[in-house]
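You will see two complexes here that share subunit A, one where it goes with subunit B and one where it goes with subunit C.
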Partner chain A sequence: MAFVKKEITPARPAPLSERSVIGWMHKHLFSSFYNSILTIVTMYIIYITTKGLWVWGIADAVWIAESRRECFDISIDGACWAGVIAWMDNIFYGRYPKDELWRVNVGILLLIVWMLPLWLPRVKGKIFIAITLISFYPFLANYIFLGGESSFFSQFMVSAAIVSFVVIMLNAIIGVIQGQSISTFIATRLGSSLKSEKSQRNLNIALLIMAFIIAFLWQQSWVLGEVPWTKWGGLFLTLVISGIGIATALPSGIILALGRRSKLPVIKVLSTTFIEVFRSVPLITVLFMATTMFPLFLPEGFVLNKLAQVIIAVCLFNAAYMAETVRGGLQTIPKGQYEGAHTIGLGYWGTMGLIVMPQALKNMIPNIVGNFISILKGTTLVSIIGLFDILGMLSSVSRDLSWIGLHKEPLLFGAMIFFILCALMSKYSRHLEAKLSTNRKT
Partner chain B sequence: MKLTTFFTSVAAVTGILVGGMTTASAESTLEIVKKRDHLRCQIGKPSPGFYTIDAKGDWDGFYVANCQAIAAAIFGDKSKVKYQSVGSQVRFTALANGESDLLSQSATMTMSRDSQLGLDFLQTNFYDGQGFMVRKDSGITSALQLKGAKVCVKTGSTSELNLADFSRKHNLKISAVTFEDFNVRDETYVKGGCDALTNDKSSLAANSAAFPKPKDHLILPETLSKEPLGLVVRQGDSDWANLVRWSLNAMVNAEELGVNSQNVDEMRKSDNPSIRRLLGVEGNLHDGIGLDKDWAYNIIKQIGNYGENYERYLGNGDKALGITRAGTLNALWTNGGLLYSPPMR
Partner chain C sequence: MLFSINEYQREIIVVANDSNTKSQRIKPKEKFNFFQDERVRGIFYQILTVVIIGCFFWYLISNTAHNLELRGMNSGFGFLNVAAGFDPGFKLISYTPGIGTYGRIFLIGILNTLYVSFLAIIACTVLGFFIGILRLSSNWLISKVALTFIEIFRNTPLLIQLIFWYVGVFSILPQIKNSLDLSAGAEVVLLNNRGLYTAWPVPGEQFWITGLAFMVALICVYLLKKWVNKHQDKTGKRVPVLLPSLAILLILPGLVFLLTGAPLSWDVPKIEGFNFVGGASLPPAFIALLVALVVYGAAHMAEIVRAGIQSINKGQNDAALAIGLRQNKALRLIIIPQAMPAIIPPMISLWLSTVKNSSLAVAIGYSDIVSLFMQTSLNQAGYAIEIVAMTMGFYMFVSLIISGLLNIYNKKVQLVER
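Moving on to the complex of A and B:
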């Protein structure tokens, strides 16, 4: 007599209440009398609002028309998306000449391709990628966007950018295929004649110089017409201003935060004053000061580039905010970490760079990215001082005689663009948090 | 309002400072502009008819054409202008601090502005005035019938003050509904939130083009205020003011003489001494303002006379606001308007 069953009984399917739609609804929407009423009322509210939006924005909307009058003739109550479509180039690129738009696209594409290897795990030398990106890419982008005649220095930096871009790309390809860095790859290919480290380094330098000369000669043949900054605008301008703001905010914020916590009185007072002054003044006031009041203190006839003034103002302002965020992160690090660092013989910069900062910044990722998002949104204030960023362009649609009075549709479109950009940023921050927190075994 | 007051006082202070400096400086504005090889002309935030960005991204409009006229006079090329679009709070400061050479916005000339800001308001080249718009089916035909009415108006503007004055003067007890954004104001009016809409008449005409049914609305005949609009330059360089003033006079004068962009080449052969002097065929009018003798010819050839400019942007052209010129203050003096050019001899 064996009552022991030989094979395992297959798992029965979950009860109907757990897997059917009705079961799910019963559990989540109609679990009690009051919840059912709440559900029905909420459904009704959602229905009313989305129906209105649907009818206005999609069902009755006009997509193809020559002017707002034509939109009205076709559908008097619907949205007139035709105006937004006609202004699409302006909204994205501002008044940038329409034949030269490829330059903006190339510039932005280069940035993306340049940064791509940073996310590929097999690629070596990521520090090199980041450093060249910060030091050379701005000059290349500046020349592509602005064009015109360039000084020797800027040609030099452009050539350096080309060389580093090529090196990074080759490095990334070799990294993905072979899992090595480009210099080890060259060394192994050339065999044993170049065993010693010194000769290998010499070879690399020689190759770099050769590439540099070729790049320098090549870039001299570039002829890009000048597009003054006054023609920049739209989303492109917003990205330029906020991109520079974002790129500089973190490093300068770290320096200011360290300065504020420093034991040296002069540095401490200077950093604290800077942070408090810029944090207690609204951004719009800083912008007005930079563009309208600052020229008064300059000699007559000396006119600064308004865009540069705005960018500097945005950078200083956001550095102050970022400094406080970073300082908050520093305060979360227990004293034991500093003491531990000292006991293994690290000095100030070693303690900060290797022990404290990595932990502090990791803790602060949500706040830092929150700051970045507010920089992106905050730059729309420049439309008040007469730069035609994306908000300036969106509100100009209603002033164009063909589309006069058309203001809801462009603003809604702008809101969608901002939503997408900000959602991407916060999504990335959550990904980063999840990725970094796995290393932590506490 | 407070912000505006602040910036106005800033403009006044800078005007005094900079005004003092310009008289002392050796280089005149014309020399600086010529050396720079373009004119820096200040216009306003986009406004239909006056300064707009079109879908191609170019500036265009009545006041933009004024900038082009000055550039054509100086360089013989109307494209040598860089436009600076400045909001109304800081427009005078941006002229006083030397950012702009010239302000070509719809800025109303008033005594306090002309005498306290360190700026010179030149002669008026567009006469505007505040008016009311109502729905035709309301049966209202005069502003005096607006007793107890709700009127939509833009906040912080002189229109709001003029409306209050008008209501008090005629004891109408008008209640003002104020808006920050003119698009929202217009929409509220169209949806029936107000009985009437008030603004400068040119803007009323322009904005009503955006209404779903423009023919259902009517602009009332009363004018509440005087809004003389003209170009503004920094005080302290009379030569520059002369150049701008006479460039605009040349456009009016050309219309008086029947010279326009189409016939200007034939008109050079005309026997009329006034035309010959205007177009630089004889005489030396150009000496006094330091330009070539083709200066007025270039303006008329490239931009046109005043009437052409008006029709193109404000009158009945295909891209214009549709404000009929005849019978208004903006007609030539010979047609009962106020536009009048002093003799050019």
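Moving on to the complex of A and C:
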């Protein structure tokens, strides 16, 4: 009889290289002679760079000064952030009148608050939120930012926006507290839940119409001075242009992608031509085309302002790019999904809208957000054709007499803003991808 | 793939279904509804689209014709033979202001765009590959440094980077008198706020023999490589290639060069008055554009390389290490060849966007096609439609060629996979 061990040998602790800080360093930084040298050299380079940046950007930097000359008097080798601080309002809002800046803030805040319920899990009716956001918010924002006289149509849309905003907010509050939608809440509170669904719907419609009339009368009393688009600028203008670009890119991209995969030859050829033409030329040529040729295309006496030209150009250009991304997503959907959808009796739009597109878009989330990031970054090109977007403002700092020649600091500041915006977007896309992933990990 | 049906089987099933329905067909209760037939609707929608788009374009064209007439603007391509009055600045072919035509300006613009794009593409591919490999290094610090580089340059707009390089770096270099000497005291590569000046070789009469020798050396290297591969297939032994090839490439042309009496002289830039004379020079805008394109492209390329390499099953690397390859050889012989099909298509797209991105030159005044033709020529000569069409046509042509390359490659890879 050989030796048989009766009890299980206790597990030994993990080797040193796997647990302590020293072990981690040994594994990741000093695993070989060659690696150690690399680490030390890299550390030295990092030290030099960070030290240089620290001294220039923070330690020796000038934060309070009246002009660039004063900056030089205080510190010759440091950054002159005072210029950036002096221009801060312009960098964010352009030449928007100082007294009216609250309008920009309110408009952007409204957008954020409007979208907020989309992230709250207990809130019902998210499709309603998204639809009202796309269809009504632009009119409200347009009125808030532009002001002045407004047409009956614009007043109508603004009232609709107010009503939907109030409904969404109430809905969100009730959703968070009670976990039900606003219509069921009203129905149960009034005790009319026993009655037919029809009367409930009628009640809702009546309430909506009443709210609409009140909103319409209320907004007539608004007096907002006109701020022409030429005064818009800075980050605000960049966000307006790229926001419209982002909002229109996905729907138009989906339509173009479906057109390109259509069985109808004419529609296929037209979509393909549009996509390929706009994808093969640089954005700047499209912008030049917009500013030089759109005036020729329009009937006599009809003038399209430069902002509108630029927005149209940006939308056309980005629609083509988004179409290719969506098409890439459609190609990842196996044929069985189409066949399954047909089997259960769905037609073309049912198949696409309910089965194929949700999966395709979900698969393409990183690429779609990547596209949004490119739209945001690409919007800086409008400064070349003379709009004062954020880059236009950043370059203007060096032309200000007190800050003449101040190039680096404003540009670095602008780069930082873009970096933060882009990093946030890509981080959120990764989060969304992980959340929506249905991949069962085996 | 238990339930997959191939085309052939599917056809049989379809045929079977058809014959079934034929034999059991019941007369439809409803009449044939003209508007619910799929084909009829398809044709209807197509005709509708054509009519709408046709009307739209007809409207645009009639407006344009009317506007052109109203503003007394000329049209046609005759202006290409008209002399342009401005100096394009940086140029690769000769041009005299006042005599050279707009057609020649167009050509200069094309060459300038292609020149800077070509250099940028080569440099950003090499640099991007390198950074992508560093990003995957087992050394934590190096990987994080590469990550920082990639994230910074991918997440900020190229235009801001470009203007930063131009006004923040290459325009504030020292004056000509205090040029930075990049050749450590030899004064043959000089950098100042007017650009980069380098000595330029001037080949003598007999220099073609050296060129010939170089070609011969190239052929020798090719034959050597072929022989080594064959030898390895036969015996399994690998004869070193790299060092002998380098030796052949250096020694053979070098010997010929010396034997023919070193027929090469250097044209060195010298200060004369307020500027350098002689040698070759590149304007600061060119260098700024090149650096911006290379850095931006390299950051994207590094991401492509990382994604491509990470798409390879980890087992491949483990297996390569298990059969005794070192990490660098495993990467070079096992991982990268397999990652190439995943790397090359996005890489070619990156090349295309580098060509397109070079159009940002207009912001810093490098004379590429957009800045020369779409901006200056358009402002001076008018002819908006023709100029816009020609410029866009050029970019479309380039993109057609590059996507043609991509298609050829894809076909090749597909064939190999079968």
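By our rule, the second predicted complex is superposed on the first by the 407 of 442 C-alpha atoms of A that agree within 3 Å, B and C clash if a C-alpha of one lies under 4 Å from a C-alpha of the other, contacts with A are read in each partner's own complex, and residues count from 1 in each chain.
By our rule, a residue touches a chain if its C-beta (ideal position, glycine included) is under 8 Å from a C-beta of that chain, and two chains touch if they have at least 3 such contacts.
The model shown is predicted, which means the values in this text are computed figures rather than measured ones.
On the superposed subunit A, the two partners subunit B and subunit C do not both fit; they clash. Look at A:A423: by the touch rule set out above, it reaches subunit C but stays clear of subunit B.
In the superposed model, A:T292 lies in contact with both subunit B and subunit C. In the superposition on chain A, contact of A:I267 is made with subunit C only, not with subunit B.
After overlaying the two complexes on the shared chain, residue contacts for A:I384 are found with subunit B and with subunit C alike. Comparing subunit B with subunit C, more residues of subunit A are touched by C.
Of the two partner chains, subunit B is the only one that A:R95 touches; subunit C does not reach it. In the superposition on chain A, A:H407 makes contact with both subunit B and subunit C.
Of the two partner chains placed by superposition, only subunit B is touched by A:A86; subunit C is not. Once the two complexes are laid over each other on the shared chain, residue contacts for A:I373 go to subunit C alone; subunit B is not touched. When the shared chain is aligned, no partner comes close enough to touch A:Q180: not subunit B, not subunit C. When the two complexes are laid over each other on chain A, subunit A has residues 288, 292-293, 295-296, 300, 384, 395, 398, 407 in contact with both subunit B and subunit C.
Residues 7, 10, 14, 17-18, 21-22, 25, 27, 32, 45-49, 52-58, 82-87, 90, 93-94, 97-99, 181, 183-184, 186, 206-207, 209-212, 319-321 of subunit B touch subunit A in their complex. Residues of subunit C that touch subunit A in their complex: 42, 45-46, 49-50, 53, 60, 63-64, 66-68, 70, 138-142, 145, 151-152, 154-161, 163-164, 167-168, 352, 356-357, 359-360, 362-363, 370, 374-375, 378, 384-385, 388, 391-392, 395-396, 398-400.
Residues 68-69, 72, 76, 86-87, 89-90, 93-98, 228, 230-231, 233, 288, 292-293, 295-296, 300-301, 303, 384-386, 388, 393, 395-396, 398-402, 404-407 of subunit A are the ones touching subunit B in the complex. Those residues of subunit A whose C-beta lies close enough to touch subunit C in the complex are 28-29, 31, 35, 38-39, 42-43, 46, 263-267, 270, 276-277, 279-282, 284-285, 288-289, 292-293, 295-300, 373, 377-378, 380-381, 383-384, 391, 394-395, 398, 407-408, 411-412, 414-415, 418-419, 422-423, 426.
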